[in-house]
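For reference, chains read A, B, C and D in written order, and residue numbers begin at 1 within each chain.
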Amino acid sequence: MLDKTGIAKRIAKEVQDGYYVNLGIGIPTLVANYVRNDIEVEFQSENGVLGMGPFPFEGEEDADVINAGKQTITTLPGASFFDSAMSFSMIRGQHVDLTILGAMEVAENGDIANWKIPGKMVKGMGGAMDLVASAENIIVAMMHTNKRGESKLLKRCSLPLTGVGCVKKIVTNMAVLEVTENGFKLLERAPDVSVETIKEATEGNLIIEGEIPKMHI
Amino acid sequence: MLDKTGIAKRIAKEVQDGYYVNLGIGIPTLVANYVRNDIEVEFQSENGVLGMGPFPFEGEEDADVINAGKQTITTLPGASFFDSAMSFSMIRGQHVDLTILGAMEVAENGDIANWKIPGKMVKGMGGAMDLVASAENIIVAMMHTNKRGESKLLKRCSLPLTGVGCVKKIVTNMAVLEVTENGFKLLERAPDVSVETIKEATEGNLIIEGEIPKMHI
Amino acid sequence: MINKKVNNISEALKGIKNNMTLMLGGFGFSGIPENAIAELVTLGVSGLTCISNNAGVDDFGLLLQQKQIKKMVSSYVGENDEFGRQMLSGELEVELIPQGTLAERCRAAQAGFPAVYTPAGYGTEVAQGKETREFNGKMYVLEHAFKADFSFVKAWKGDEAGNLIFKGTARNFNPNMCGAAKITVAEVEELVSLGTLDPNQIHIPGIFVQRIFQGDTYEKRIEQRTVRVKD
Amino acid sequence: MINKKVNNISEALKGIKNNMTLMLGGFGFSGIPENAIAELVTLGVSGLTCISNNAGVDDFGLLLQQKQIKKMVSSYVGENDEFGRQMLSGELEVELIPQGTLAERCRAAQAGFPAVYTPAGYGTEVAQGKETREFNGKMYVLEHAFKADFSFVKAWKGDEAGNLIFKGTARNFNPNMCGAAKITVAEVEELVSLGTLDPNQIHIPGIFVQRIFQGDTYEKRIEQRTVRVKD
């Protein structure tokens, strides 16, 4: 099984030359570290920056330069800052090419839930609802099962939704899956994970066609 | 009867301390020259400038600094430039306190027509429709009658409208009038113009109450 | 120029009353109107409805601990324990809305639009009870412009005409909240003299600001100090 | 950074075809994409629908005289005789719309809004056939986002990442048209090297721009030269 870094590495391969990418909090943030060096990609953060660079060197942090996860960051030459309305113009206007975010649940119809557990945890949706409602290319990065071992790839989400029918691809610690009309299509499996294990860990309809290749990371 | 300068001088007295003012093309543009020196006023032009100053000195014109009439202008310290969407945010959002514009016709219900003569002249409405639809304080500057001697203060506009029920005050070469529920209320008359003359030159309902004072300019 | 400068913080907050609706700029701790928030705590006004993207741990925390806030309208409140406690116990009313919707409802108020159609939240509980509509095969939710009494924003530099320039990601919601309430109060790190700011580089023209002052101090705390080590 | 620089004007206009819908920035002569317009004349594409606030005397005049434009969407066309002639004779289709509506229909396209409610034009022929609606006792007209193939804008400075800075009132519609068409082509007076522009002072981030080039020459004509005499 992959760890978080492994998931991030696999997702990094989905990032293509010339892409503007929005990375969610958590595993998605790690993706930036593993994008190939020979392609040009720009990272957008919805709090108002395009062209994010790595974390600052110690002592060079600027409280006025953070990402959506409230982490101190740097910017690269050619970066820009803008207000929240313009930031979501980029997102809603589909100028961002790829959105990578985490999830608590994904359903076989592409629904996603990641902002609220009624009565328990209410963090809020932040920019996620805008992102999933507008992005044409959404990849979910998450563990295949929750802490209690229950599948997070469901027939139908049980938690309040973040967006409907929007997820296109999912990369978990076990597999890469595509959301199709008929459910989760298994594209790749983690090197040491069998198709049978993935089947057991997937509540939603899992489509297995032919030999399932191992992920290359 | 007043000339255009006279009309501009009378309107200038309506401009109060702390006002943001949008001036239309023609007579309204002249108003800026006659505003009292002891009050603070900022002029906005809908093509994207706030804090307009006088015309530039010869040789100092900048093609990139013009007003909505396409005239070369200057800016005062504290001025700002902005895009068209933000410019109309100021107007639509009612941040501009006073709008002064010309008209071909005004009706006794406050309707105004100033952008089109079907089959003859079609200049376009420019920013006028946005201005009259949003401004809470609109003064029309115009001649009382047209070139053929016909009244421009009508029972009902005959030309395509620019806005409905929006004009509050009118300053002409003959009079100052307020648009009320019952029609044009005569507030002041030009120094050498009789109430009788104004009556004859006004097609819409003219309300005359008591003695009508002469304008002070 | 029309002078927007006020002499002190109490003049800046004049007219603030219980049960008002306030907008507050900032994302996390970045770009929050620190001085205005501190004065709100001092004044002790209560029953407030606060429109602000987050609910920063300490600053809002003080307002929260004193129970000055009746209702929060935010997009993300994940990092505030006291907030979570009050919310789950029902002491605090919370309306969570998408971040882009929050920004645009501010901008709508600033720009004189009564409402906007956004795809965000369609099919979720955020859209419950709201009008939805199809345009070109896609579904949208009708979201209304905010109505607020005061807007508190924080800029980097400003002048007496009320012109504002923001820095880095401390910009965020601040420009969108200017002119979006009846009275906009801007606090700046540096109040410069008229004519100093390049008219091409002003983010928010003074027409959107009613009062401006230079804040006494800016703590500018960092929520997540992430660094890398030099090789 | 994603490089948006093209090598020449013909590369900048690659893909332009007859009957396309184009957005063109500028107010009067101020901030018009001079080089792109000249190339459109050279290419001789026809049947164009042009969305542009004005129809400048000479530049558009050439497009007009060659009958390249089928339809203009503008707010003001007062100073162009050839335009007036073609319009009144019916050779040229013209849709006149309020200036603020024009700006906001561009911004809606840029920002992913399908339509906006504006009070401008309510009760006039501009609102005929359009949906109207009351909000808070005031009437509004529903105006739809533009759909355009190309957007041609002109900025003062830009870099290879497509970031743009505008100057004076040459800004006008240019920023609102960026990212409002399938392809946005920006021409700049000065293409500076990456990292030269202050990230705080960029008016339009490069994400809204697909192609950028430095124009060969800028005539920057003045329509109404108004001056005063030194005492």
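As a working rule, a contact is a pair of C-beta atoms (placed from the backbone, for glycine too) under 8 Å apart; a residue touches a chain by one contact, two chains touch by 3 or more.
Values in this document were obtained by computation on a predicted structure and should not be read as measured data.
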Chain at maximum distance from chain D, centres defined as averaged CA atoms: A
Chain centre separation in whole Å, for chain C relative to chain A (CA means): 28
Chain centre separation in whole Å, for chain D relative to chain C (CA means): 32
CA centroid of chain B to CA centroid of chain C, Å: 36
Interface hub residues of chain A, defined as touching at least two other chains: 49, 81-82, 85, 88, 91-92, 134
Multi-partner residues of chain D (each touching 2 or more other chains): 107, 112-113, 118-119, 166-168, 171, 199-200
Pairs of chains, among all present, that meet the touch criterion: A-C, A-D, B-C, B-D, C-D
Chain D-touching residues of chain C, taken from the complex the two chains share: 112-119, 135-136, 138, 140, 144, 165-168, 171, 199-201
Parts of chain C lying in touch with chain B, wherever the complex brings them together: 1-3, 107, 109-113, 159-161, 163, 179, 194-195, 199-200, 202, 205-208
Parts of chain C lying in touch with chain A, wherever the complex brings them together: 27-31, 53, 74-79, 84, 87-88, 94, 96-104, 106-107, 118-126, 156, 166-176, 203, 220-230
Chain C-touching residues of chain A, taken from the complex the two chains share: 45-49, 54-73, 81-85, 87-88, 91-92, 111, 115-116, 119-130, 133-134, 160-165
Contact footprint of chain D on chain A as seen in their complex: 18, 20, 40-42, 44, 49-51, 75-82, 85-86, 88-96, 134
